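All chains are identified by letter, namely A, B and C, in their written order; residue positions are counted from 1 within each chain.
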Amino acid sequence: MKLAIRDLSKVFVTGTGEKVPALEGINLTVEDEEFLCILGPSGCGKTTLLRIIAGLDTPTTGSIQVDGEALSGPSRRIAMIFQEYSLFPWRTVLENVVFGLEVQGMDREERLAAARKYLDLVGLSSFEKNLPYELSGGMRQRVAVARALATEPTALLMDEPFGALDAQTRNLMQTELQEIWRKTRKTILFVTHSVDEAVFLADRIVVLTERPGRVREIVPVKKCPHPRDRTCRDFVDIRRHVLDLISGGSSD
Amino acid sequence: MRRPLGIILPILLLIVWEIAAQSINNQFILPRLETVVPVLLAPTVDILGTGSLVHNALVSLERVGAGFLVALAIAIPLGVGMGWSQRFDAIVDTTIQLLRPIPPLAWGPLAIAWFSVGINSMVFIIFLGAFFPILLNTIDGVKSIKKTWVEVAQTLGASERQVLSKVVLPGASPTIWTGLRVGFGIAWMCVIAAEWLPGTTSGLGYLTLYAYNFGQMHYIIAGMITIGIIGIAFDFLFRSVEDRWFCWRGLER
Amino acid sequence: MKGMRLLLLGCLAVLLVAAACTTTQQVTGDVGILYTKGTGPMPTLLATKQIDGYIAWQPFVEVAPVAHIGKVITYSGELPPAGRWQNHPCCVLAARTDLMGSNPALVDAMGAATILATRYVNDHPSEGAEIVADWLAGKGNFTYGNVTVSSVEVLDRAFPTVKFVNEPSEAWMNGQVEFIYALRELKALTGSLSNTTDTQSKALLFDTGPYTRAMAMIGAGKITAPPAERDPVGVGYLLSDHDASLFVAVKKWQYFNDTYGIALKPHDMTATRPDVVDLLVNGVKVAELKLIPADAGPQLMQLAATNTIQFAYVGNPPTIAAIDKGTPVKILMALNDEGSGVVVVTDSPATDWDSFVRWAKERSAAGKPIKMAAPGKGSIQDVMLRYALEESGLSVKEVQA
């Protein structure tokens, strides 16, 4: 799926009428099957951008085109994975994964089979009857991924999905995500504030400025082959470069 | 029962009661335990021509059930609407807050005038008793739904109706269930009082009032104990469902 | 700061407790009257010494001596002024004027049923007492502390003090008018009866047509079947033996059906206190009657005003007060005369009315005026007691809480 974002900006109006600009003049093209990271300091609007693409918010100016068509509201071709509290606690793991298919009206036998397939993909088949509260943070996020994949969207939006996990689980999940991406070849937009994570996962990194967020630079990471080695030279160089951009060196 | 410890105090109270009743020696103030216990042990025996404890308990329960169901049927949809739509809430809320503090019993004379004596007016009063706890808890339950759940559903392609039925209602159900439990308790209190209004010749409330007319205090106390036992039994029922179906609620991070 | 707050709270608590302890009910006249909305609370209040006595209708007068909590000092017929209340009218049968207009034959038939039942009660007093005991208490026992007595016994004691009559005679109507005077003096009539002449009052209160026609039917030995009434008809009554004629009419329905061709047949034959009966005339159902008991007369009149009941077996002052306020009812006939009594605590020095008055004056002078309970403001017992007390030179004030 190809995403074309033109001159996008977002201004929030508070209850007292005050105008808070969040994003300004975003121009961005996302290529098909690309893994794109959006990186920036806290408050820079990266989550806002993702939400707008998900259809949960509307831009103040500018447009988004999905494969040539204008975006208007949540689309079945785009699924989103949130940072936490996203699983329905009253549904079992399998019932969670099947949700999207249920809502779209798929036949019962079919949708259970499809759900099981994706649950297997994230390696949690034996937990299908468990309730979310019985799972660890990492497992829950895997279920969330399975749920998003089950509806076979063309793009996945991920809003700091590993932010609430401990460092080890986080690394594990990053590796797993890479595997899944390799296998399914989805377009992924991944929001994070971790430079390390971005360099590890992305084909390209969109670095945003502080609020109001503007595109500072788009850094390609194609030089490093997959699977990424954190210690390889190119990796370290790119990482340093991005860190410089983030830590507020003068804007060029 | 949840706490076996909890049985100690009632037993102590019974002992204190008997001692006090003996020393006060005025059955109008405190009838002796041995006048009350036989009544409870013979719950199928007629009392003062008004029927047995069992019969009257069933009559009262029937009435509570009816009023409670009506309250359910109106309060839950209304509550979902008010919790979900800020505009709707703004329109309706003031009226609700005005009506809420009025004790259901105060509606008695109006209830009789509008709905005629008998079961209709009583069901109205019971309805009022159960309505507000159910409504307020439903609103609260809906408002405390995690926004993320709704957004997940939306991004997965759910329509607004599906969001309401598959996310909002299940997500709010533990709080709604608490509202049902509290509402039932209040409805049970209301039925006793509602039976003091003219137009009925049966029910636990009516029985206690009738016994009062003849100064038969031991029947009154037996009636009160029966009322209490039924109340706690239902509370227990509600709680056990809570423990089984909604165990996920407390354990959600 | 926390200490200060606790201290303030403590002071507030002490003040509240002190206020509660010292705020007793203020009796400002020589005698205080407390209204209890029916006779229910009276035995309890008497037994716990919160009142010094009460006036009530039977059988609640007899309850006091039977339960050893009080003694009867006089029955209502003997209350002063001497002779005024002898054979005083007590309960009446009243009906709504709209029903009288739309189905007069039905009203006549009810009248006939009542008259026939009253005759039966007078001919068979102990059976009548038993039926009332059955209706009011399922013939069960009353337990008062260590004393257990059968309800039949209590009703047997009470029955002779009630005179069951129906005729709306001239003397009886004048007796009713006495009540109007009493009510006016008590400033209880502010509507259509506030300053009518006797003739006008009688016209507003009574319609003896149904009685006359009912007597004629009984005399001719045949009750005319009225047109069937489609909706249920409400019949309100009090839990007192004054309404014995109603209870007897229902419980002995088979007898009345076979002997006179009119019956009030209960739907549920096993119920001690049926609440739905069919009015049968010559074997044909002409109406479904809903029997609705109430605690006191004023409550019944309220139900009549909202057209919940169309007939009432009720005391006369509440009916008079209701007519005064515009409730569309008429008094058709008497149900009973007298049948109430005054009870005082067992250890009171009073044994009759005169000694009661002396006792009241002593207590009032000592700054501890006696408190009497009456079943409802404007009830016959209330009116009679207040009138008698004032006649005896005692001022009466409602107890302020």
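Everything that follows uses one rule, which is that a residue touches a chain if its C-beta (ideal position, glycine included) is under 8 Å from a C-beta of that chain, and two chains touch if they have at least 3 such contacts.
All values derive from a computational prediction rather than experimental measurement.
Any chain bridging chain A and chain C, meaning touching each of them, is among B; the list is complete. Central chain by Cα centroid: B, whose mean Cα position is closest to the mean of all protein Cα atoms. Chain centres here are means of the Cα atoms, and by that rule the chain farthest away from chain C is A.
Remark: chain A and chain C have CA centroids separated by 82 Å (rounded to whole angstrom).
Here the spacing of chain B and chain C, counted between their Cα centres, is 35 Å. Chain geometry summary: the mean Cα position of chain A and that of chain B are 48 Å apart.
Looking at chain C, one finds that none of its residues touch two or more other chains.
Across the complex, chain A meets chain B through its residues 54-56, 74, 76, 78-80, 82, 84-86, 88-91, 99-100, 102-104, 131-133, 147-148, 151, 157.
On the side of chain B, the complex with chain C involves touching residues 25-29, 35, 46-50, 109, 112-113, 116-118, 198-199, 201, 209, 212-218. On the side of chain C, the complex with chain B involves touching residues 38-41, 43-44, 47-48, 60, 63, 67, 69, 134-140, 142-145, 151, 234, 236, 239, 272-273, 275, 290, 292-295, 299, 302-303, 306, 308. The touching residues of chain B, counted against chain A in their complex, run 146, 148-149, 151-159, 162, 166-167, 170-171, 173, 248-249, 251-253.
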